[in-house]
């Protein structure tokens, strides 16, 4: 794929933007690609819907916004509902199992659920749910090397929290790997 | 004369503008002519040089500023010095004798001095010096009917001060008349 | 046991007792979870209800900020103006309609930083406006920058290492400028705050109520103070009620006791009373007391 | 009799003792006869002379107004900015050159009406600036409009029948906002005023001196108060010195006693001290105390 | 509009009782109602609403005295309480 | 820069004496100097300067004690006083 | 609606432009003036302050120009005709909230008595260099109406006209005069009240609950909602929909901005007021506005006397610009000359519209005084070559 | 002068446009930032606040935008490179004192991260509708320099460039970016300090007593006088002479305004920076700036693929406008198309300069999001007809 469009959606406070930042950075700084991250959030304030968009490409990204994402990462029901119909035909949907109830999608769409909030809560900090999602996304989408993503996590989270976040990332990644295996197994 | 240009000059607080206002009003409202009064004063504040310009004409005045006045009324030395050279060839100069020391002028220039400040002081209010000047100007210039000027004075000064001002006007006018007579007599 | 089952259906939305004063077509509001703003709005709505005023004759004016959004949620004639300018807009509105009650609902940044000049001058004139300031010690709407109320050492996105500017004491500033009613509560002093709102609205003249409220998303997070709930508790538990205290003794420090209460409640002629008195004095019977627009235009 | 004849020749202009501090190439100044401004400038020049400070390291900043013209007459680095904005300009100048003494010379309208917000905020921050406000109770430069200091019933061109707005009490506003030095004198308290100027300049922090001065051309004339000389006398004779009084007890009414004196003189860290302390605390030795521009750029 | 009521019949002590209404979808799970209910009526549920918050449930509804505190504190207009008409009579 | 001086020689009472300098053209005739001279040295003259003001004259120059009040009060920097060196000695 | 006779100083008055503006406002029924003094505009405020107490209105001097602009918006929503006046520095300060007036679609009038700029510039001397600021001074896209009087008489008339346009198009309207006109005193004939036609505000005739504050798009003018009558409406400076509720997306933005722009663009024929003279046979047409349109006349007269076919257009409305007519003329004449007291502002628009079909000249001036007729004459000569 | 290595974050960074602007400022040696938060510009201030304490500078959040603008002028005179940032509403509030900066000829930098307007508009969404305000937003006549970055990389570079131009031409310089660029995160390559060229401030070499603050006219740049060194100079926002003393008359006005305007007009060749592509054989030339110049590229690529000869010009400096080059092209091409996120602002200048010698098109947009490449493509097709 020459250009990969990714949309991450959720609500303010979930770390949606940081999640996008890490993906973009992984591509741009640690994987020698071009990437553009843009964000859209509600009427200035927190608590309302918010989404991040990353475009990864081999060349300079010219049009900065996602039109029909190849990957949709959904961290909230609202976000999912808002964006679920504006996706690529063969979109990969990565979502939080407990927050998002999937609706019907076209045959080429692949969907992967993860109880990210619960995993984060188990890790003791609900706030790392975005990093759990990120790890999970990394494993199931396979568009970026695990190491690039890990390095991007490490250099992007507040200092002092690297350990926790890498743990969250790995948890999500492992969950994704096993799910993939299952899917392959059942396929 | 189709168009008469008049410049009144002095410093802030002398009532230079009011003097111009009365002349313009006399022409415009009480003598059925057109007149335009403009003013220029120093850097916003009082106490510095200030001047009023009246153009009286049978037709609408288009260019609002005086270029070479036919009449120069000088209430201060500074004002006189600033403007003395930018006058019409046959300009009439009306000045306060005590404040302004005349310099040499061309042969056609007519000059009339009046101790306006002293007359005003005699009347008990130095502030009416401008009205004394005005009366004097009316008498020596003869460009406006005495009654038009008087009516303009009456309707322009703060209410309650009409009497004093008309007295000042008449004093100035009389002084002008007698001076004129003298001039004619010696001519 | 005769207790009925708890109902939790969305159909019952229409029955919420505040709904008459809220724009339900705009719910849910944009405020974050554990934000203190909603609680303050409920208190104002309750005060209005309890005063039994004609809500047709009330207006609310806000500037820009999380707090500024209040104008968008209260079902009164409501004006969401520009940042800092609620007060002069409200002044114009009030003078044109002196028969109406005008309430300004404003954040600490909006009212006291960019709007500070209008604040002191409207207070000076004793214009009959009720001003409610939700002080969350921060610029919330724009993402947590320092405010003129931010306590020393508190963090914000523009004082990432801790604030080092002396903050304002708002009741003191209001009183020094001429306000006739000045009170302060935390958002958890729900009944006292409601009562102050009632007094402030009833007061002819410039009345000012400061409400210390949690901003969970920014102030609490940047300062690691837990959730808005923690902050709500914290402010309340760390407050002492001192009615009638000199406002200058009501400074707020970071994490120290917050003095709350009613500080000022004095009588002074309002702007319009002064205007009418002065003109009456000068013109006598020729002067008809100014009554504003009759609403018919 | 050994007394020499009084000299009155213009050649001696150069010898006037204030000439070192005045831009003689701009004399005569624009101020009216019997205006109190010139006297206040003399007092400031005297204070500077007496303090023996390096005048190379002093700057004066003004806004717009008759008072604002001071910046054009004092021979220091001097900035005549826009109406109301002298303080933030001065703040930038001060922060860039903390080694210099920055004085703001401003009228009551400039400083407290349009510039009111900067006044309270610069005071709040306790920025090390000396502010001299010539309060002539009116907007003089623009022809005599009402000011936020105009006493009730006093006439102005925009309150032709008498002012009916409550005026500010400037020392109170300054103190409530955070000023560390606050004094008030009439222009005739020439030696006391000079002394206050010296103290204010020496004071680290936001210092404020209000000077009640006659505007002969407008305030005196519109209110039939005689000449500036009469007004000068009037203010002086109707003043009472009350050092250390609570500023809120120093309201000014039209033609009643004017309380003068030094009201506030307290110690509080300045803006730059706070900045340095806070950063030192956070960064330890990594932090070099902020020293501003070294002047070489 | 509700005011504090004075019992009319002083022979019988009417314990005011309330019926709780929770608008789950509006709730942002702040916990104000749970924390400040003087009668400890409420608990946050395990359930998520569509925004991902846990709305409260009335764990001990019979204890509710219709004090309205939850209603006044709720920043999301998501809970309110109405008076239950069939009040329990308690002998003195 | 001038300060109040303490007489050095206390046997002789030096009455400080001043020499007045009036820059007539700068004067705006406000009368501050005349009014507040503690020694009543000054009077407004009859003369006009070019702006139309009456500048002061030292009517009683011998009385001047060089107190500088006129200098400090003059709003137009039009008058100042210098110390006269040949002071008058007065027997105690 | 006719003017109220109590407000009208019928007869021949000797007034300067500023006093005449104030009389215009009073005649138009203005009852609320919030202002901040600034040379050379202050006399408007002063006269209003003196006249209004017995006419049932209020003058308030606000703490600054920002406050003044907002106060008149608030008062307009409250149902009073309102206005302010200022000059360059204050005009700059009003720009943010002028934009609020545009966005809220609030009728009100702002008089700018232009002086020399930039910055404090020449407080007591004239300029016309705020003309592009009048058009572009606030952020974002919008259109304005700006009128330019050439005399005290027109200051009176155009102030009334500005109030009428502001009600008709539900927006703040600008009167762009200058120090020369503002401080020039001439005879002003004020007609009897019954000859002064006023535009009444249109309020909705729908009932509360059914009406919204912005029920129109594409430049149609929606009636306003009155306050205090139970409509309980909401308005915001944020981009909003017909209900006045904020909607933060590109579609809402398009609808709103297009509406604001269309309000003017679709009504240019009604709004534009230009006065032509001798344009029929003209080879050179002089364009100007305000005082400059007056000062150019001696130069034109001289040129015509010499046989140069000079026509002239005085733009009473400067914005919107009389694009259609100027384009037409550009196709016919040899030269267009813009006479204005600035370094070329409205000139740019004339030049653009000429599209190279005729020569264009600027008779500009840095301000501080009006043009010398001689200088204008020289440019005519040049253009006639 | 080279940048100080301590200030330069050399290497590959992943930054949004706002953070990149802040890094540019820091690299340029900016030591004083006075700002007031406003979406979508605030991150510039926030990053500066976080970075500056250990670099020997100060960030101060002022009480409002008026104060911010004045504080940076004061600090610049005090000898620090200074800046502020804002967006539409704050930009409007800064206009009066931006004019003071122009009049005092004070080097400083102002970044406007444009959002949708007018009024509060669309705080979180992009627009380019403050471009004419940048040119005309303050009262009076003057010229400006305004740069428009299209990416975080350019946000970094052009902020440095803005500081350099501000020192070179002794004036406030505008960086007109927008929400899209400001909030767009991309790789930003920051070069080593020794590759960053900075323009040093020129101070007088005359001695105190002999030097004046404005010793040049006709657009020549006078060296500044330093404070605190005994020059005891005076400057004023009033019209003034070479000494900095107010002179309130038309002659002084002419000298000063001409000088301010000439500073730019005489140096356009040095100041203007445009980037051309495929203009040699072009029949259609697309003009644009900032984010729009980037968004138009897919449309251009598509059109070229279809054989339409489309060239393009990215205007890095929007003001002064590249008049000479555009006029030249207008004489050669069939059409000029301006792509901008507004209702036609810089377009007007392009249209004017085209003088009807080619067709002109506006690819406008009300803002809230960038253009759809498809819409631009359709206009190219239209223009190619």
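Residue numbering begins at 1 within each chain, and the chains themselves are lettered A, B, C, D, E, F, G and H in the order written.
The rule we apply is simple: a residue touches a chain if its C-beta (ideal position, glycine included) is under 8 Å from a C-beta of that chain, and two chains touch if they have at least 3 such contacts.
Every value quoted in this text rests on a predicted model; they were computed, and no experiment measured them.
Looking at subunit E and subunit H, the chains that touch each of them are A, C.
Comparing chain pairs B-D and D-G by the number of C-beta pairs in contact, the larger count belongs to D-G. Averaged C-alpha coordinates give centres for subunit B and subunit F that are 40 Å from one another.
Centre-to-centre spacing of subunit C and subunit E amounts to 27 Å, using the average Cα coordinate of each chain. Chain geometry summary: the mean Cα position of subunit B and that of subunit G are 36 Å apart.
Listed for subunit B are residues 42-44, 47, each touching two or more other chains. Counting only residues that touch two or more partner chains, subunit E has 28. Each of the following residues of subunit D touches two or more other chains: 31-33, 35, 64, 80, 82, 84, 113-114, 116-117, 121, 141-142, 148, 161, 275, 279, 282-283.
Of all the residues in subunit E, the ones that touch subunit A in their complex are 28, 48, 50-52.
Taken together, the subunit H residues at the contact with subunit G in this complex read 66, 88-89, 91-93, 95-96, 99-100, 102-104, 114, 116-125, 127, 129-130, 132-133, 135-142, 236-239, 248-254, 257-258, 260-261, 342-343, 345, 348-349, 351-352, 354-357, 366-369.
Contact residues on subunit C toward subunit A in their complex (touch as defined above): 30-33, 35, 66, 69, 140-142, 217-218.
Residues 64, 80, 82-84, 113-114, 116, 139, 141-143, 145-146, 148, 157-161 of subunit C are the ones that touch subunit H when the two sit in their complex. Residues of subunit H that touch subunit A in their complex: 12-14, 16, 39, 123-125, 180, 183-187, 291, 294-295, 297-298, 369-370, 373.
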